């Protein structure tokens, strides 16, 4: 195994005061002053977190995936705790795009919060229709496309599980938006070949990818002797899945070293965030950890700067994918 | 948000057993000062390397904002699962990561009407404090606390300290009247013509209380207990079918729009269901 | 949600003394007196565990996957701890089939331990060659086929990730063995459609399936700034992945209700074992938990009997897939 | 297995700090009675709902099988990561889930030869006990314990109690000779013509000790420390390239064939590598 000596070839070795670390990052052409986002569905539209830290001071809020129409979401129970993780089956409860624009998005704009709007659809066309409602909003940081939705035109097969369907949704969204708005495709690791899915969305015009979404999973209520979640299966998130997320980021970065990756899945500390950045992420999103610690995005952002500084990284961007360099050199 | 919750590291200044429950007193700045009856806190459980990520919710049973420790709150813990067992085994001087005060408190009547408190098991935890406030407002107070068995009846002592009548029920008859709180509720209500019933306990009890209150032309304010992942309104796990002012039922977050609801707004029969008339249910074809 | 009242339609409601619970099970035509196995690679060939409990008293030992030739395994480090899980990259270290027959298997037979031999191969032909060496051993409980191996004839694509390759390996093994020896195909959840893979191995002659194998994952060493494991990626196991395993078992049982399933992935207690049985497993394997608690297979077997008794199940086999019945009835 | 380890719930009867380390004394039936120097125990960490699944390994520092508590063992814990920090914060009367004794002990010379003990940091934990056994066998004993700095030198007191000479080294010169244990080893060895060197500590130290022993025609017995998932020979995570009696290098489990090896068998330069001449390396093309 390779010792730290190899680091001489990378960034400087000497520790740097964390206050001097430049932790701004790039998502494609867009410069982001801070590297930690909230994960979609884990911060609603940010209001609930503003009590705990200044939500304008993190990378940004990624809003809960919004669809064309208002959705009630699923019946309860909607969640279960699992070892170092949780399972959810919310069913994309939300007010629909119009109400969202009028209320949530207006609030975020007024509050001057960097905002990534996550959108979803039941059909390719619906992705396009939702995206078009965002076309004029040039203040948005990006649009994240949640393609982990059942495609009603394809017997409920999840878009993100099929390269062609993923590409179709992204093409439609890309077309609906101006080129000023970066499009980030959100991938699931519930596939045989995540690199193949990444390739298809890049070809379709995605400016970056976000990963990973929750893993399809289930818990059974041993008293009721039926699945805990009303819908049966749900999505597994939290630190339990972090090693799967790191692997997915690693594989996609290995294939597409210049692709901006928004890494997520179980980030709980600055060290976890650094792990994803070394694997190839340009920024990270924090989801489930918020439920454990509502101040987490802010705390993790501070810890990440410290972790970078300790390792002599003066700039976050120097650390992106750095583990690949070290690993290659050790072969 | 209807208030400004804080996240803070509290310090346990005392743990005492009462029957089946552990009452934990926690010095925690920023919570006791603004909390009102019906609000709750969430607590991170299991320590630094815990496999349990989700915070556990507990009613604020009482506050003391003039203690020598600074603000102090009491919570009443029923050790049922791994998280509550961990909490119940904490000791004096241990630290706890708290968020609160959360949720909407019980609304207090403007006029001094007759009120009844109905508590099931540890659901009674937040009622004595509420009772104190009601009595300060000049309300007539009758309390009914019940449980399956004597060790699970909470609040006897606390209720007596506050005043008003107290009826205890146990299902096995080991203490007080044998039966359920709802068996004695109609009589207690009619005796002083109660205008408001406040209830906290298991959902079937709340549902029965709601029905009795309605039958008696009274208002019921119920504090519900839904599984909550975040407690701060960001996750959408804790919803209930609640009828809004326009008569539309919405899946409503019980952590920020509750935990206290006017019982008339709660569609008890439809909890854990998705009736087709719920706002946005028609869009749920896909998933 | 459905209350326990519905259970009236299933087994008796009244609790049963755990000593009276019949926890024998069936793996296809084979009756197994006890329902808990060790997971392949987590018990070597059983010797190390015999100090902690009577290894002849559990369902059986599933031996570490054996290949034709002796293998050194990978360089170290070979493991990392992760939240409620671990990552391993052993690389199927083993003595090769001949040495294994002569030493490990002879010991197991002499010790009268129910034994499932797990086999692996680099090519379809190699699976057949290893299986043929087991042909005469009619005392074996079953042969488990670890198809989570790179197929050297298909650019290293893992057999279990491809329906046709999976089927080819199983066909070859089925042909190599007599019909007295059940063939269990071990599936991975690292696929888009595990039901499709299950179908292909059933069609190829598998008598049952074992699932799930570890999830492909990675941890990064933040001091060395490279993957912890010498091989980069490795396999994630332990309670962290249990919800994924339960989901996989659920899906496959839903499609093939009569298919024997050996459930595994993070089983740590009798309650966890029951969860898998309710989802559709006929028996369970315990892997990573052994490292935490070497007495676990024995303990879990006892706890499982208690959990069954508490819920009024007089026979384990009545509980298999029971959560499907309750769930359907609630719809 | 070369012995019969047991799994048992031990009870902590004392925790004491010594410099950077915590010495934990544990009453645990079945381990103290059969353990010998060089063997180790594994401990489950983090409690009932821990996210840490893997047991942590610790040398048995000493045993007392005639204490009033029944068998007692001492372990010396260096709090480095989450598991060891948890352990170091345990208190008297806490329980610990233990497995042991595990691994092969240090081989004891049949004849009373001159021996040297070399310990790096907490690696010195198991050496005083070994020294006691060697002195009982009539061996000449010289001990060299070192660390980066004074607080990390373990065993000063214990070594003095046992007898023989003691040399301390610290890299920063804060205690004893400034430098490393291997700086003073050649002199110590030659003074009494040492026949066997026993060493425990970081791998680079063991490698250097092995070289010095070889240069001086002595045998070195080294206790290695590889990351172990199971500690009982079932998982294959803890392997080292070890040369067997036929000159063939095999990936050998350090938990059951070690942790003590004759240093001449250990291919130090090839640790964390897979040299092509290792038995079975040729079959590793696939994966």
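The chains carry the letters A, B, C and D, assigned in the order they are written, with residues numbered from 1 in each.
Simple rule for what comes next: a contact is a pair of C-beta atoms (placed from the backbone, for glycine too) under 8 Å apart; a residue touches a chain by one contact, two chains touch by 3 or more.
Please read all numbers here as calculations on a predicted model, not as lab measurements.
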Minimum number of chain-to-chain touching steps separating chain B from chain D: 1
Pair joined by the larger number of C-beta contacts - C-D, B-C: C-D
Whole-Å gap separating chain A and chain C, where each centre is the average of the chain's CA atoms: 33
Separation of chain A from chain B, taking each centre as the mean of its C-alpha atoms, in whole Å: 35
Separation of chain B from chain C, taking each centre as the mean of its C-alpha atoms, in whole Å: 45
In chain B, residues with contacts to at least two other chains: 51-52, 272
Residues of chain A engaged with two or more neighbouring chains: 1, 75-77, 83-85, 230, 238-239
Topology of the chain contact graph, where touching chains are joined (line, ring, star, complete, other): complete
Contact set on chain A toward chain C in their complex: 1-4, 7, 10, 75-77, 82-85, 87, 161-162, 190-193, 215-220, 222-227, 230, 232-233, 236, 238-244, 246-247, 250, 266, 268, 271, 274-275, 278-279, 307, 311, 322-323, 326-327, 330
Complex interface listing, chain D residues touching chain B: 46-52, 82, 86
Chain A to chain B touching residues, read off their complex: 41-44, 47-49, 51-52, 64, 67, 69-79, 81, 83-86, 88, 90-96, 122, 149-150, 152, 156, 230-231, 238-239, 288-295
Touching residues on chain D, where the partner in the complex is chain A: 51, 272
Complex interface listing, chain A residues touching chain D: 1, 83-84, 239
